[in-house]
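The next part holds the structures, each set out as C-alpha cells.
Next, two complexes with subunit A in common: one pairs it with subunit B, the other with subunit C.
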Partner chain A sequence: MLRVDLSPTHTHGEYKLRVGKPLPFGATIVPGGVNFSIYSRHATSCELVLFEKRAPKPCAIIPFPDEFRIGNVFSMIVFDLDFENIDYGFRIDGPFNPEAGQRFDKTRILMDPYAKVIGGRDVWGQAPDWDDIYQHRARICFDDFDWDDDHPLEVPVEDLIIYEMHVRGFTKHPSSGVKYPGTFAAIREKIPYLKKLGVNCVELMPIHEFDEFENSRLSPVDGRLLVNYWGYSNVGFFAPKAGFAATGKFGMQVDEVKALVKELHKNGIEVILDVVFNHTAEGNERGPYISYRGIDNKIYYILTPEGYYFNFSGCGNTLNCNNPIVRNMILDCLRYWAADYHVDGFRFDLASILGRDQYGAPMHSPPLLETLAFDPILGKCKLIAEAWDAGGLYQVGSFPAWGRWAEWNGKYRDDLRRFIQGETGMVGVMSQRLQGSPDLYGWLGRGACASVNFVTCHDGFTLMDFVSYNGKHNEANGENNSDGGNDNYSWNCGWEGESTDPAVNKLRAKQIKNAAALLLVSQGTPMILSGDEFGNTQWGNNNAYCQDNEISWLDWDLLNKNKELFEFFRKMVNFRKVHPALRSRTHFQNKDYMGSGYADITWHGTKAWNADWSATSRTLAFMLCGKHAKEGKAKDCSIYVAMNMHWDMHGFELPKLLKGMLWYVAVNTDAPSPQDIWDVGEEKKLGNQGEFLVGPRSVVILTGK
Partner chain B sequence: MEMESKYSISCNQGIAKVELCGRLDATNAPALQDELKKLAGQSISSLVFLAKDLEYISSAGLRAIIFAKQKIGVDTQVYLIGAQATVLNVVKMSGLDTFMTIQDNL
Partner chain C sequence: MDVQVQEKENVTVIYLDGKLDGNAAPLVQEKIMTHVLAGCRLVIDLSKCDYISSAGLRILLMIAKQLAREGGKWGLSSASPEIIDVMDMTGFNSLFTHYDTVADAVSALKKEA
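Then we have the complex of A and B:
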C-alpha cells in the first residue's frame, strides 16, 4: 500500500522529492527513499549534492526548496536512490566574513557532520586523488546488524582491567600471524590471546574516520612517509575508519566493527572508545574545508574576537563544545555509539576542553559534561576524562564529575615511576596512589574508581622503554627530537637503549614487574598499554604519533623472547581478579568496621605497624584485611604488599595474622622466573612467618590465609 | 561478459535451496528477502545458499541471508556452499560468517 505521507510531492529533474523530517540529522533510510537533514544557522541556501560512488563529478545537485526548511534545518526526502552506491554532500551558501566568524563557500562540497559512513580513505595508505573535489564523502548506512542478544556488559568499574591499543598497530606487524593485519577483523583473531592475558576491557585509540594523510611528510631521517597514525583528528564523529577495516574497500566497516564488539562481548571483554571532541581535522584558517567550517564556522569553533581559531588543542582549532548545537551533536554521537555499536564506555581526549565556554574560558559547571554525566542512554557507560588540555588546564582531581566521570590519573603515573626508581620523598604520595588516590578523589562521592591508574599509555614511553632510556629519542619524527614530553621520570638501568648486559636486562625485567605488580594491587581501575606485557619497544620514541611502521607496530616475536614478562603479567592480572580486596569502589576508611581485629588497610615498613614516612624513606608496606573486602561484602584472605625501592635488601617484619592463619608468598619480583610469581592456589608457605627479606628494588606480595 | 544476476528457490523436505548467480546487492537483495520471507512457517530445517556462480555480494546481500534465517526460524541452519574466494573473504572479514556454516560442497 502506497502511503500518502511517503509519496513524492516535488521533482527535480529525474529525482522525486518530498519535504523531509528535521530529525534525526544526517541521512536516514525511510520507506522508498532517504531522508536528508542538516542544520545551519547562518546559511542562506543549501543544496544536496549526489555522486555515484567514487565518481569525480556529481550526478545531481538538488537545491532544498525553501518550503523544506524549518527554522535553521534543511530537510528533504529523495526517493528511489541506489543508496548502497552513492556519495552525498552539501553545498551551502552564506556570508564570507572571517572577522565575524563566517566562512561560507558555496563552491565547496561539504561532508555531513552526521555521516555514519565516510568514503575517500577506504584503504589505509592508498594515495587519494588530490584533485578530487570531494575528499571525504558521506555515505548511507544500513541499520540492521543482527546483535542476537548482545548488549553492553556493564562490568562493575572496580573489576575492570583496561588494555589500551591502537587498532592498526596491534596486529600490523608480520609477526602477529593474523589473516587481516592491522584491522578490526584481526582483533577478533587475537581474542584468545586477550583472554589468556586476562584483560576484560579494550580501550581502542580513535576509530572514527580520520585522514592518515593529514600533515603527511617524508621523514628527514630515512625518507619514509610519516602519517597521521594515531588518529587524534576527526574528519567525522559518527563513522568508523574505513582504513582500519579489512572490508573497508567493500564499505562494510560498520559491520566489521559491530562484529568485533559482539565477539568481544561474547568473550567477556568490554569496549571503550577513545573519542576526540576537542578539535577537528580542518585545522585553522589555512586548513581544508571538510565539513564544519563551511556549514557553520561560528557555531562549530571557538573563535577569537578577530575571527581566528583558538587553539587549546594544539592542533589548529578548538571545537565549541558547550555551544548548544555542538553539545547536542556530541550527545547524539555518543548515544549513537552506545546504542548502535553497544560500546561500553568512552575516554575523552583532552577532556578539559569540553569544560570551556564559547570564549574559551573554563566553566565551573560545564553543561556538556553535566549532560553526559546524567544522560539516560549513556547511564551505564564508563566516562573517562583525560583531565587536561594543551591550553594550560590541568584538572586531575578536580574535573567536574557529578560522581560519574573517572580520570586518567596522571599523578599516579608520575608518582609510581618516581617511586620505583628509588626517588626519596615518595612514600607519602605512594600511600595515596595505592589506595585509589583519596587525596584527589575522596570527596564529592567520587570514590576509588574515579582514578584510572596507569604507568604507560600511548603518550610517552612503553614500559620496556621506560626502563631502557633516560631520555626520549624521537629523531625519526623529523622534529629534531623536540616533540614528545620531557618529564618521563624514566631510568635506563645503567645503559641507554638495547643492551646485552645480563645485569642490566635483569634489572629492567624486575622494574617492569615492579610496575605491573603495584599497578595491579592498587585500588582504582588499572590500565595496561598493549605490548607492555611482552616488553614491546619503540626504541625510545615517546611520541610515535606519525610512525606507521615497526616503531609503533607491536612485535609479537617478543612474546616468545619475553615469555617471563608475559607470564608475570598474566598471573598478576589473575591475582587481581581473584582478590576482591584489591577491587573496591569506595576508599578505605582506615578502621576496623567488620570487627576482624584489623583495620581495612594498615601501613607498615621494615617494622610491622610502623611505616617510615620520612623524607629519605624508600621502603613501604601495607596490609589489607580480607574481611573488609568490598566493604565486608566479599570474602578474601589478607594481602600484604612490601615495596623496597632501595638498592640494598631489607628485612620486613611481618604483621601477625590471626591464630591459625599463615603467610604465603604469591609474588617476589626479586626471585628468578618462574618463582617470581605463583598461580593462585600455588603460593608458597613462608618458613619464617615473622620476617621477609625483600631484595633490592623489589616488590613482595603475600597472602594470609 | 558479466553473469546475469538472478536467484532461484526450491524447497524439499524441510530443506530450502537458493541458487545464487551473478551479483547479490541492494538492487536485488530486497526482492530475494521478500521471497525468502514466504518460507516462514514452513518448518525449514536448513537454508542452503548455492553460491558457486555468485560473483559479488554486498552488505545488503549478506544481510538478506541473515534476515532470512531470523525470519524463517531461529533453529534453521544456514549453509553457504561453494562460495568463490572474493565472496568468502567479505563474509569472513566482516564477521558475518558466524551466522552460517561454510562448505565447499554439499
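Then we have the complex of A and C:
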C-alpha cells in the first residue's frame, strides 16, 4: 500500500525525521525507521539521545521540535536507523522542585518506561561500569516471533498445579546438569523433569529487567557478594531480564523467553509471571535516576505532601498505580506480556498497593484492579494477588476481586503449618482451609479457586527447613539475623538444623509428606515451591533475597538422596490429577444434592461422623463423595482423608461405604517408602474396613470404590 | 558481508562471509531468494559467518518458510557451536537441518533428491 507519510520532513544533522505517532508509546519499528514516543505531563522539552550500542558517549542528541508534541506526548520518527545496533534514551527538561514533587534534571539520560529490551546488565553478575552515564539502556526489539499455532493453554484454574521457581536458582547449581545453567534456556532443558513431576504451571519469580547490583555489598559475615538476587525491584516493566538469558549478551532475550513459553505450552505447562508493580528500582530521593523520576516524578510515584516518597513497599518508593497514566502503563504492560509472550497469568507482588489511591489510602473499588479484572485481552489470564503490602494493608479474603482475582492464601500457609506441627485449636480452621477457605472466599462469586494454597514459597523457609529449624538463620544476609519473618510456625523435629539422627530425619520426611499430602488434597489451587519435592534446603535462611549462591540454588544431587520425597510428591500430584473430587471450582454445599446418600463433604474423626472439634483436638478426617465431583459433572470414587497430628497413634473409625464398595489405601505417610503412597490403580485393599490405625503425626488417604 | 554462490552436484551452495545482521540482511535476502525456487536444493554455509543477529535469524527463518512453500529442500552447514546454540535457544532451529560440512549437506540433499 502506498502511503504519503513515509518520507522525512525534518533533519537534524545527518538524521532524517518526521513527526511520529503518539501511540503506541515506546520505540516501534515502522517502514523506513523507528517511531519514538514518550509521555511527560510536566516536561518543558524533550530530547532523543542515541548511542551506538554500548558506546560511552551519545552519537546524537535530537531535540523533539515543538510541533512533534501532541498534548503531553513527544513523538518522532527517525529514518534509516541501524536499530539493531543502537541504544536510545531521553533527556527531559522541566522544573526541579522536590517540595512540589518535581525532580526534572535535563542532564540525566533516561530509559524509556516502555523499553522492550534493556541493556547494561547483559550478563548476570558482570560488574557494571559505574561511570557509565547511561546504566540501563533502552534498545529496540523485533516483536515478531514464529509462534506456529501456540496459544495460552487456558487450563481451568481448578486443575492448575503451580510450581514456583527462580529462573536462575532453578538450574544455576552445577548439579543441575544443563548446558547453560541459570537461564531461560535451561528451564527448557528441564521440561522433562517438570512433566515427570506432573505440574502444569510454572510461576516465574520476577523476570522483568532488574539490577542485581542494586544495593550490592560484601557480606560482613563471610565476605561474599550479596546482590539483588530475587529481583523484586523493576528497572523496566516491558523487558525480560537479560542476565537470565543465555543469549542476553547478544540481546536476544526476547526470543529466548518466547521460545521457552512456546516449548512449555507444547508440553502442557502454563506460565505465570510474578510481576512487581508496587515500586521501582529508583528507591527514594537518594536513589538513582533510571527513568520514571526524571520523566515525571509526580505522576509515577506516591509522594508525601512534602514531596518525599511514601514507602508502602518497604523498598523506598511506591508506584502511583491508580494514577490514570500509570494505570494505563500497567495495563499496556500486562497486555503486552499476554499477547506478545503468550503468558498465561500473573501473580502480583504486594498487590494491595495496587488498590491504594494517589494519596496512599486503600480504595473500596480500585480502578486499576477493576480494569484488570474486566480487560478483554487479559480476559482468560489468571490474576493472583499477594493480598497485602508493607504498609500494613492485609487483604487476604477481602481483596477486591470481581470474581476474577485469586489470592495467595497466607492464612492457608500459616494454619496448615500450625496444624502439622501439632498445635491445638486448629481443627476448626483447618476444615476451612481444606475446603478452599469458604470462610474467606465464600462470597461475591469467588469460589474455592480464589485460594492459591501453599505451605512454602520463595519468601520464607523451604519445606525441608520448615521441618528442620525452629528459627530463622539469616546471618549470611549481613543484618545480624534481624531480617526475614519470625512467624514461621516451624518445628525442627527435635534438632536444630541438619541431623544425622535417623529418628529425626524419619520424622522430618514424614512431616514433609504430611504437608504435601494435605496441600494436594485441599480444594483450591496448590502451589509447590521448586525444590521442595526433593528436600532442598537453604540451611534455615528464610529470606535469601540476596544470596546468589548455594544457599538459594537448587541442589539437584538431593533429588537422588531424597528420591523418597520426590516419588511421594510425584504420586501425590498424580493423585490430585486423577481425582476430580479434589478439584472443585466452587465451594462445597455440605449436602447431598446428587442423591448419592452422602453429602459432598462430610467430617469425621476417631469416630465416624463425629469429628472432634474441641480446642484440644489434633485429629480430623473428611470424606468427599465421588458422585459430587466437580459439582456432579465428573465421576470419581470417594476419598477419605484422616489426619492425626498428635504424637500418639489413633484408631479412626471409617465411615461405611454403599453396599459393594470397599476402602483402599492410597497414602499412609507413617509407612516406610515405597509403601507410603501407591500409584493410582495400585491402591491396597484394606483388611479391616471398619477402622484404620493412623500412626503418630500421619496422614492417611483412602479411596472408596 | 560477502555472499558467494556455487553449484555442486545440482545443489546450490551459498557461502556467507562476515556478520549476518540487519545491515547485511537485505543483500543476503536478495542473493538467496533468487535461488529459492520450486524444487530447489540449497545449502547455506556459515563456516565464515561469525555472528548472526536477531535480524539475521529472521532472514534465515523467512528463507525457510519460503522454501517450505516452494517445496525446496535446504540445510545449513558448518555453523559454529555457539551459533547453533543461539538458534536453538531462541527457537529458530525448528525449520532446518544442520550439517557439519558442506560436503555432508550436499550429499544429504542430493540423496533426498
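Here is the rule we use: the second predicted complex is superposed on the first by the 702 of 705 C-alpha atoms of A that agree within 3 Å, B and C clash if a C-alpha of one lies under 4 Å from a C-alpha of the other, contacts with A are read in each partner's own complex, and residues count from 1 in each chain.
Keep in mind that, in the parts below, a contact is a pair of C-beta atoms (placed from the backbone, for glycine too) under 8 Å apart; a residue touches a chain by one contact, two chains touch by 3 or more.
This is a predicted model, so every value here is computed, not measured.
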| item | value |
| --- | --- |
| Partners on subunit A (subunit B, subunit C) - clash or fit | clash |
| First, second, both or neither for A:M252, with subunit B first and subunit C second | both |
| Which superposed partner A:D143 touches (first subunit B, second subunit C, both, neither) | neither |
| Touched partner set for A:E154, first subunit B, second subunit C, both or neither | neither |
| Touched partner set for A:D222, first subunit B, second subunit C, both or neither | neither |
| First (subunit B), second (subunit C), both or neither touched by A:F83 | both |
| Partner chain(s) touched by A:D129 [first = subunit B, second = subunit C, both, neither] | neither |
| Common ground on subunit A, meaning residues reached by subunit C in one complex and by subunit B in the other | 82-85, 142, 144, 146, 179-180, 183, 185, 188, 245-247, 250-252, 255-256, 258-259, 262-263 |
| List of subunit A residues in touch with subunit B within their complex | 82-85, 142, 144, 146, 179-180, 183, 185, 188, 245-247, 250-252, 255-256, 258-260, 262-263 |
| Residue numbers on subunit A that touch subunit C, as the complex places them | 82-85, 142, 144-146, 179-180, 183-185, 188, 245-247, 250-252, 255-256, 258-259, 262-263 |
| Subunit A-facing residues of subunit B, complex | 25-27, 58-60, 62-63, 66-67, 70, 90, 92-96, 98-99 |
| In the complex with subunit A, residue positions of subunit C that touch it | 21-23, 53-55, 57-58, 61, 85-86, 88-92, 94 |
